[in-house]
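Below, chain A partners chain B and then partners chain C, in two separate complexes.
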Partner chain A sequence: MTDVAYYPGCSLHGTSREFDESLRAVAADLGIGLAEIRDWSCCGASSGHTTDHLLGVALPARNLALAEAQGFDTVLAPCAACYNRLSAARLAIATEDGLAERMPDLLDRPFSNSVVVHNAVELLRDAAATIEQKVAVATAPNRLKGVKLAAYYGCLLVRPVEVCGYDDPEQPTSMDDVIKACGADAVDWDMKVECCGGAFSVSRTASVLRLGRAIIENARSHGAEAIIVACPLCHSNLDLRQKAMARRGEEPMPILFVTQMVGLALGLAPVDLGMSRHFVDTAPFIARLVQQATERAAAEKLAEEEAAAKAAARAEKQKVGA
Partner chain B sequence: MSRIGVFVCHCGENIGRTVDCEAVAEALKDHPGVAFTEDYKYMCSDPGQQLVKKAIEENNLTGVVVAACSPHMHEKTFRRACDQAGLNQYMCEMANVREHCSWIHEDRGEATAKAIDITRTIVEKVKHNRPLESIRIPVTKRALVIGGGIAGIQAALDIADGGHEVVLVEKEASIGGHMSQLSETFPTLDCSQCILTPRMVEAYQHPNIKLHTWSEVEKVDGYIGNFNVTIRKKARSVNEDLCNGCGDCQASCPAKRIPSEFEAGLGKRTAIYVPFPQAVPNIPVLDRQNCTLFKGRRKGLAKDVCGKCQEVCLKGAVDYDTEDTFIEEEIGAIVVATGFQLYNIGREQPEGLKGYGEYGYGKVPDVIDGLQFERLASASGPTEGAILRPSDGKEPKTVVFVHCVGSRDPEKGISYCSKICCMYNAKHAMLYKHKVHDGRAVAFYMDIRAGGKGYDEFSRRAIEEDGAEYIRGRVSRIFRDGDVVKVWGYDTLSGEQVVINADMVVLATAMRPQDGVRELAQKLSVSTDEHGFINEAHPKLRPVETNTAGVFVAGACQAPRDIPEAVAMASATGAKVMSLFSADELEREPAVAIVNENTCIGCMNCANVCAYGAIEQREICTVDGHVCGHVAYVNPGVCQGCGTCQAVCLSKSVELQTFTDEQIFSEINALCYWE
Partner chain C sequence: MSVPTSTLAADVLEATGINAATCYQCGKCSAGCPMASESDLRPHNVMRLVMQDRRKDALADQSIWLCLTCETCTARCPNGCDPARVIDVVREMSIETGAADMPRTIAAFHRAFLQQIRTNGRLHEMGMVIEYKLRSGDLIKDANNVPALVARGKLSLLPDRIEGIAELKRIFEKCGVTP
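Up next, the complex of A and B:
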């Protein structure tokens, strides 16, 4: 498989290192080459485009221009905000009058707006067949088989539809497809695209707590054992803020990045997927998965042996009869 | 030598303000072939017309040019005046110096010069006009009405009462349309079926109405007064002449779990069925898609697995081997009344529409649409009029009504207002409150559009007397949370978010044209708008005519309509059809193309480009009857005089009688040579 340009953005180098670690581990296992864009810079998320439209376009465009110059046709931006800013800039330059012409001068480098931008969910959805196949042929029992998982998309991964467009903005299914490819059950729930509170985590913590609780409770009421996300901010709001919820005696709900989930299905070691970096301890969850998988494997083995014994007995009987 | 009279109209100030009309008349005086010129303040007035008539008689004029407004306005007026003065009316033409000149220019000098040029070109054209006769075509005095809803029934009854035959075609098993599904009607809350069924019966029993249910229009040929229509009678599997409507077949049918279309999916029906008890005609149809016997036959089973309905039928009316049959009818006028369907919020949508993911794409069982609520509220419905929700049959204590679902939402593909929803939502809230006294009815609306006699009073009554809570704002999300349906909305008046734990939600979904209306429009050569509604010929002055002569439109296939409007439109089409049928022959302008058979090479390019299907191939025979060639022939009844054939003719053999090449070149030459 050809390499894709990897744009980690600040989060995957900082607060969401486990997203970066698990992505690299999973990509390597699936044979997807990731080449980090050399000299990448801030995508300008939130502050850039709220300050000035041109700045909001130019900041991500610089990174697209670098990827172009380094010979790539696809950029992978796992962070939902990065993905949204890069895609929005790409759309603005393609559709707004005169913007494309200004870019080379502004960026101080040639730019033809030729690279497409993907997020991690798109990448994994496109690799779903490979994942499914790898999971099927693995010798170790699949730890995720039959586990109920809730795909949480949040806002920026699928909206606005002109910018993202790869999935339904109100009832998306791409992450659910990845969950199913891993052998787990994607629960049908109601808050797939509700707001997690975003950057209000710091300024209006109480609101973020209220929103996060509603999301977690809805997922739980639909039977989810964990919530799968693909955005560092969603992860932080749902994972970090559970400390406050735990104080009220609410059960913890593990929050996993989509790449971590795929890694678990592919049989990668939890430590390589950054599982220990979460605030909600994932160890009990993983231990339960392992135990379930082992028990299931044992039960299957037993059933197989019984079936074989029965078949042998039947064959014996027929022999005698003959 | 021509002796042409030029009459320049001031149109009050309309032309006179920017064009020096006296100067125009003066300039034309010396134009070769002009024998008389005059200007006058209102040429279309009676004295103005007298002036034209007098000039024709006194100066022995051979042609008339009236420099005034658009020919759409007064061409007829002046042609009639010429006719009365003994001049062939087609020797009179209008020079449009108002819409094409005075209204669009400011400089008086330049506008006057342009008006002179325009008038000169028309004078040059009139020099080549020939006296023509109006075309007369015979009229078949039989009307076709497509669609047996209230609009179609009304149109059929009006025409039939006027003494003319009507062929009424309905694609469903019974006439009645959507109105037969309604419980009560606004703004009087009278029972829909009680007022509709007498009309249905009357249409069925009327000696002048021939009813074809379970039938569709297959093909339409011909033109105004002379249509040839082929009707497909779909295989009913029940002999309409033998069946006495006893209902034994329906009772015997083992396939009893098929969602009923009439009950909007809330009730069940059998495979052989009469859609509802008051159906007209009361003759069942066999739904072959869901019939056990036909399912078996499709699987290729050697023996029929069912046959109960045939066994129990004492009349021997059930016949599994009937096939579609075709009926040809000669028709003089057509009324299109195919009605509407409701927007569906589901994920699967026709092109251009999106559905409502935020409302769960229609997967929440207690979220229903307006027609489903009508069935719940109807005494003949699946709950016998009790308001019970579909999921568990409990009486809902909180019902949310959402206006404008699909309508007025360009994001979802529909920009128009569906017009009736504000009223039926108010009605639904009332009906609900009348039946569930301790219930809570909450309506989310954008604006309340209750224009109509007694309409606003009605919607106020829902709020003030029956206590419906109206919240101005949109609903952002609907989902199922255990036993309740959560409705998240926004109250734009108080600026607050609203969350309602509802037991049932009723969506006022948009009205859309029926499926297949575009194909039907194509068969009839009428146009549709971007949404598929049939276009009227003029939005104000010709609201029930279409751009094809002899085809009229009534009811919700033209735009969202309520019952009174649909009925008014239907009666209007009735009047139009009757006026068409009032004479034995139709007269129309000779603005049609004529083929010169001596030069036509029979390439049929003209037939390929003709948008109206007016051109056909004709054989040319020798004296002893051998075919020796082919030429094109323009049917003057169908030709609309667009001139496309003239533009593509390789051998210059086809010409519009009123716009010959000679006339057009003369007009152009006039612009080139006269300074």
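Up next, the complex of A and C:
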């Protein structure tokens, strides 16, 4: 299988290192080759296009041009913000008058806008059958079986529709499908595509706390034991900011990257998935998963043995009767 | 600030291809807006001001800077009006004409962010936060999170500068953006 051009973006090299670590671990386990784009630069995120439309196109376009020059036809951008900006630039250049012609001069590089952009959820959804199969044949009991998880998409994975378009903007199901492939239960809840406050994490924390609290409370009230995300902004707004949200008597809600969840289902070690980098301690959650899985495996084994013993007794009786 | 010769609606139409008059003010955009409760102008109000050529009211209001660009308004608009893009372009006009009343913390964040990209090609979060604090004057907030971020390997002390940094500087120059 040929390698996919990997655009980690700034967050996966910084505050969301665990997203990078878990993605690399899971891709290796699933046999997906990732080749980091050489000398990639920041996509500009919301600061770029909020300040200047052309800058908001040019910054991501440089990376698409690099991927092209390095011989790739597909870019994987796991960060939802990067995915969104790269895809939006690609669409703007394809549809806005005169933009494509300006690019080579603006970037000082040849550019034919030929690379397609995928996010991590798409990659894992497309690998769902492989994940399911690997989980089924694993010798260790699946730690995620029957665990209730809330798939949280936020904004940048699904909107705008013309830019993303890989899933429904109001009722997306791709991440739910990945959750199911891991053997877990995807809970039905209300705030799948609500905004977490995105880039206001630093500059307007009070808004982020208000939005994040509503998301966590809704997931909890629908029975979720953890929230699954695919965006570094969503992760830090829900994980780091949960300290300030904590209310008396409420259990902390673990926030996992979708790649970390798949890694747990595939039986990878939590430390290799960067689970210890979170602010909401994931150790009690994982310990509970391991305990549940062990108990379930023991109960299944016991039931199997009992069934076998009964069958043997019945066979014996029949022999005697004959 | 130069005196505009065309209407705001015409300028928005030229910049985006969106005809603000197609908005029939149903308010569905604002019903789903996560920042509606904190904003004086909600998405359908911005559309109305554009339609009525109330340039100053639209460009000088803080609310346009409270938009998270989450695109919920645009996704839900039953008439394809794209309020998110309209707000985006109104923000750009507001910077260009000097009418912008961007909350200091948000302005400081965007400038600090873009400055990092122009200098290093990639966001150096530690450098960005320090610059943000100097620009915003918001020195105390989040300082207590720094040790925990460093302990978790989430904040590197040194920037990661790309080889093609001259390309980035040129892109900023050609776009006319000086953070």
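Simple rule for what comes next: the second predicted complex is superposed on the first by the 319 of 322 C-alpha atoms of A that agree within 3 Å, B and C clash if a C-alpha of one lies under 4 Å from a C-alpha of the other, contacts with A are read in each partner's own complex, and residues count from 1 in each chain.
In the analysis below, contacts are C-beta pairs under 8 Å (C-beta built on N, C-alpha and C of every residue); 3 or more make two chains touch, one makes a residue touch a chain.
In this text, all values refer to a predicted model and were calculated from it rather than measured experimentally.
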First, second, both or neither for A:15, with chain B first and chain C second: second
Which of chain B and chain C A:168 touches, first, second, both or neither: first
Partner chain(s) touched by A:221 [first = chain B, second = chain C, both, neither]: first
Partner chain(s) touched by A:62 [first = chain B, second = chain C, both, neither]: second
Greater residue coverage of chain A in the superposed arrangement, chain B or chain C: C
Chain B versus chain C as contact partner of A:108, first or second or both or neither: second
Residues of chain A at both interfaces, chain B in one complex, chain C in the other: 169-170
Touch list for chain B against partner chain A, complex: 347, 356-358, 360-361, 477, 479-482, 486
Chain C to chain A touching residues, read off their complex: 34-35, 38, 66, 68-72, 74-76, 84, 88-89, 91-92, 95, 103, 105-106, 108-110, 113-114, 116-117, 121-125, 129, 132, 136, 141-142, 145, 148-149, 152-156, 160, 162-164, 167-168, 170-172, 174-177, 179
Of chain A, residues touching chain B in the complex: 168-171, 190, 218, 221
Touch list for chain A against partner chain C, complex: 10-11, 13-17, 39-42, 44-55, 58-59, 62, 105-109, 154-155, 158-161, 169-170, 193-195, 197-200, 202-205, 207, 211, 240, 276-279
